[in-house]
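As written, the chains take the letters A, B and C, and residue 1 is the first residue of each chain.
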Amino acid sequence: MKGALLALFIAAATVALIVDGTLRPIPSALAYAGGETLLRTPSTPEAAVENLGDQIRLQQWQKAWSSLANKAQFTEPEFVHDLTGYFLSLRTYAMLDNFEVFPLHESADGADVLMKLYWASVVGPFEESRQLHLVRQGDRWLVEWPLVKERHVPPQVIPVDYMRWDVINRGPGDDWGAQNVAAPHVRIVDMRPINRAEGVFVLGELLNDDVVPAWVSVRATLVAKNGAAIASEGSFDMILHRLLPKQVTPFLIRFPNVDLSQVDKIRMDPSAELVSASADPVIEIQNQKYNPAPDASLTGQLSSQSGEVIGFAHVLSTFYDRNGQLVWIAGQYMSRALLPQTPMDFRISVPQDLAGQVSSERTEVATFSEDSE
Amino acid sequence: MKSALPLLLAAFLMTAAPALTAQSGSLGLPQSIAAGSAFSIPTAGSGQAVLYIVGPAQALRRDVQLGEPVSFPAGVLFNAGHYLAILVAQGSSLDAGQFDVVPAGPPASLSFLAEPSRLPVELQGGVSGTAYVFDAWRNLIVAPLPVTFQLEQASGSPQTQTVTTRNGVAWTRMNSASKEGAATFVARADSAAATRVIQEVPGDPCNLTITAQPDGQQVRIETAPLRDCSGNPIPDGTIVTFTENYNGMQSTVDVPLRHDVARVDMPAFIGATISAASGVVAGNQIRWGGSR
Amino acid sequence: MAAVVVHLPLLLMQLPLKSYDTNFHIFFASHYLHHWFDPWNAKWYAGFSQTTYPPLPQQWIAVLSRVLGLNMAYMAVQFAGILLLVVGVYRFSRLWLSPRAASFAALASVFLGAESFLVYSAGQLATTCSAPIYLNALPYLFEWLRRGGWRSFIKATVLFAAAAAAHHATLLFGSLLFAVPVAVLVLLDREDGEATSVPAFVARTVAIAITAGAAIAAVLLPFWIALLRYPVTQTPIPHPSRANYILSPQWGMNYFIIPYGALILVLPFILIRGSSVVRLRPLLLGFWVAFLIGLGGTTPAGHWLLGRAFEVLTMERFSYWASLLALPFVGLLASELVTRFRIRAAIPLTVAAALTCAAAVAWSTFHPADASDFKVDSVAAWLNRDGHDDFRYLTLGFGNKISRLAVMTDAGSVDGEWNSGRRLPELNRYGGAALTSSKYFGIDGLQSLRAMLMHANRYGLRWVFVRDPYYDPLLDFAGWRPVDHLNDRTITVWSKDSVPPAAPVNAPQRPPRWQGILWGTLPFGSGILAILVVLIPEKRRRAASVDTPSVPEESFVSGGLVA
């Protein structure tokens, strides 16, 4: 009898634990299930959008597309391309890390919600907002997806005759006295440290003073009053590394958790190497407009004058005050590919406390395409 | 490790040399010999012995019949330096002596460091040349020798300087020409010579001027051919930044020079101001639709 | 013999080389091969201490590799573990079962799905070597607690220490899941035959706990020092064994169906027989706890019982231990079925066992640890020439090939596969595991990679080998340049020229010399001592042999197949 009771208890407890673990999964289990639980039905607009968000996160494109109210208006591949991009770009391999749902309006038959999608890409997270309309069908809510169709350039041949530099370096077997090509001459034309709550930021501009392309980077070392180095950091991705002759790049170097009062001097160490490069692509930055506080930002459009589809672009803007002094440097990665002659919007935020000082700006674009090595 | 062994042995024997040489000096060693030349060392006495010759980069061992000279053919001992010769029999040294191997004959090759490989025109003392003179066995010839440096440029007469080596090295500084182009930099010592090519390139643009013309809905902006202050054309690929300001909005584009000229099409806004810059050099400004 | 027939060919084929962790163990062993008394390994994480992982199987690999080479030495040690398991299961089962049933249990251990899964898919050498040693120690523990023989006391202590030297977690959880049921069994049996008083039982329990604890503390002293001084405080790293196997059926297949195999069919028998026979109840409860934890996130039990350790440990080892605890029941069932139905039972049992083993072995091919099989020889050769190894390197998209690469190259890396050995803040601050697989850890993994690339100069990190173009944009925008291509252009070498040569990192975690000597002496010594003490003959008792259970078989098989 005791044995039967024990068996019954173990069996019942096991089943109960499994049911509990499935209906209310622990966080680690929930993460692997993609946030999906067995309980959620789209009985509210928020639940319907959350289901859609989970399906996008799990890249269950077919399920996500099938759940849409307006799926007849576009195909599943068009829906997927809207989210992942038609051409190779940051979106192609980005994963939806998280999303938020903000109800805007709800009636008996329809609702509007704002969906903020937080994507994880290789160069860092990027955010996207979509305003969704939902319709009610029986006791279920269905999302109407606002499809954004990527513009396509008509098939054509675009002749490009920009110049290209190739470099032949000294071979490893050459005598020590054999001549090599000298590294490009670069110089820092402006530099300014600023103190902020997050730490010290070193802003500056670097000029390629040579007639050959340079691959540049800048390191800064903060030196304390006693001569000891406090920290040494590099510009990382806040610089244009590929610099054509007479081109100027901004750079920003972060020193988190350091106060400028600790710093006696800053040792700057620009480095430049001679690299093969092409003058292509040429990118025009159109209609730049500085929008003052609140929510200060620089908006504008990128337009490629070349024939290449640019998969990855990083926009870097330098902000100056009335005296031409550096105020701030900020950047934004473009999540979609930049097509020839097709303007693409960008928006770069400026910290509120610095926004009032901005009087002018200068914008540069770094690009990368898989075949540009 | 292999190459270090003779050096270690040499160091050991060098320290022991004063004591050894004090016993006898009858090995009949020459004062010095030319690197790579044939030579012989006469010996006295009878019986078998071993002769060791140890220097900074070479060590030789020969079985010796005492009383007969030991011959070394040409090309056996070729590294210049100070050598120690030791005669050993039955585990103890019989005799020891020292001699020098000196670089042989005329210079055979040069190691020529010319810096930089590229520099702007009209730079005083911008080109430096350093020559190391070697014999046929790659021994640095430390005896003073005249080395002639000649920089032959695209314009003007060649610059020539003759410098005497000190400890095997000669160096000089020269100026870049006013005209761009490849300059040939030659160092010559006797029949040995080495040539380097120095690229003399234009300096900063001296005068950046832009003009504008309507081009449909756009305005075509074009620079005048860019020259540096010596009149050299600025190289293709040099970036010219065009900026158009209109009604609080700005458009910019970095354009590489092509055939001395940079041109770009920008939106044609009446009243827009358009300017250009290259590096730290700023050009003129145009007001589109107004007076220039 | 069955173990030889089944596993020896698979090991001679070096099948485990495709598993998750085999190359990790070989990498550790290669370090012991060259630096037996210096556990500081500069090849990963810019330097880390191998005292953070018990060394016994890896040291045996290092020793045997002098004759067999590293790969075959690994196979030899793994084979020894498999053979020891058969013996250990028999001896452990004998505490509960008749010799015949125990023989069936031992035979079943050869075909155990969890064992094959750990050997051929997971590559958990330490677990699969430690558990058999531990199982072999348990009969001595039983004998000591039951009758107090000093030989048993010494043998149990030495074997426990050797088991700990092979894998600390096995010992820790084994104490609860295996030793406690054995201790309860002693209590249940205390009145049978030669009586054991409760005070004597308590005194013996305390004595062996203290002695074995002290021996384990001594044998793994540098490990405990490292653990206490530098506790593992890094952000937990996700592991699919913590998934809910119903909500994530692909992981249910990997961590439940494959390891348990036909054992799933035996679960009702375990439950019914284990609860109906009093003597088997401790075993049932031990099995149940291990089974529940082994279900990972399918139940909240593991989370409740282990607390934070749940986020650090992987759960498949609990399924393995549950399988080991289930084997006596399997032996019992097989014995009864064969007794009753003869060949009609033997055939389906054999088929079920064979299918379970075959599925687990084949799983390493169907669901390989690293889907892309490629050679890293060219990368190692590139690093080893022209002074490239003066700098540190990083791989991206190499999966668990980084251990194999680390064995083959002289260069050091800032990455590695032993998460608990990491000490660089760029790695510990985020919830990502190996940098080479950054993208699979979402924002956490990519932030960790970004932080490491930002501090490339600090660590002399000049080379990045990329086998996944996903990472190319980051490298390009961060200032790295492609300088070479390897393996038919499937691997790109990226470089950052301004990086200075790697300098040794002066880490406080570096064990002092005396710890290195202890580490090279005591764990391996405990293994040698374990071999020697088991050779000491048992004292013959008049009434029964050491291993004979004190309760006759009929008392717990009386209910037949259905109690």
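As a convention for this text, a contact is a pair of C-beta atoms (placed from the backbone, for glycine too) under 8 Å apart; a residue touches a chain by one contact, two chains touch by 3 or more.
This one's a predicted model, so the numbers in the text were calculated from it and none came from an experiment.
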Longest centre-to-centre distance from chain A, chain (CA-based): B
Top-ranked pair of chains - ranking by C-beta pairs in contact: A-C
Geometric centre distance via CA averages, chain B-chain A, whole Å: 46
Where chain A and chain C are represented by their mean Cα positions, the distance between them in whole Å: 40
Separation of mean Cα positions, chain C and chain B [Å, integer]: 60
In the complex, chain B residues that touch chain A: 110-118, 132, 194, 196-197, 201-202, 204, 235-241, 248-256, 258, 264, 266-267, 278-280
Touching residues (chain side chain C, partner chain A) in the complex: 238-240, 242-244, 246-248, 251, 271-272, 274-278, 281, 284, 288, 291-292, 295-301, 303, 310-311, 386, 439, 442-443, 446, 450, 453-454, 456-458, 469-474, 476-479, 481-482, 492, 496-498, 563
Footprint of chain C on chain A - complex, ascending: 3-4, 6-7, 10-11, 14, 17-18, 20-22, 24-26, 28-33, 36-38, 90, 93, 95, 97, 120-125, 172, 215, 217, 219, 232-237, 239, 241, 271, 273, 275, 311-312, 314, 333, 366, 368, 370, 373
Contacting residues of chain A [partner chain B, same complex]: 161-163, 165, 175-177, 179-182, 189, 207-213, 244-248, 279, 282-290, 300, 305, 360-364
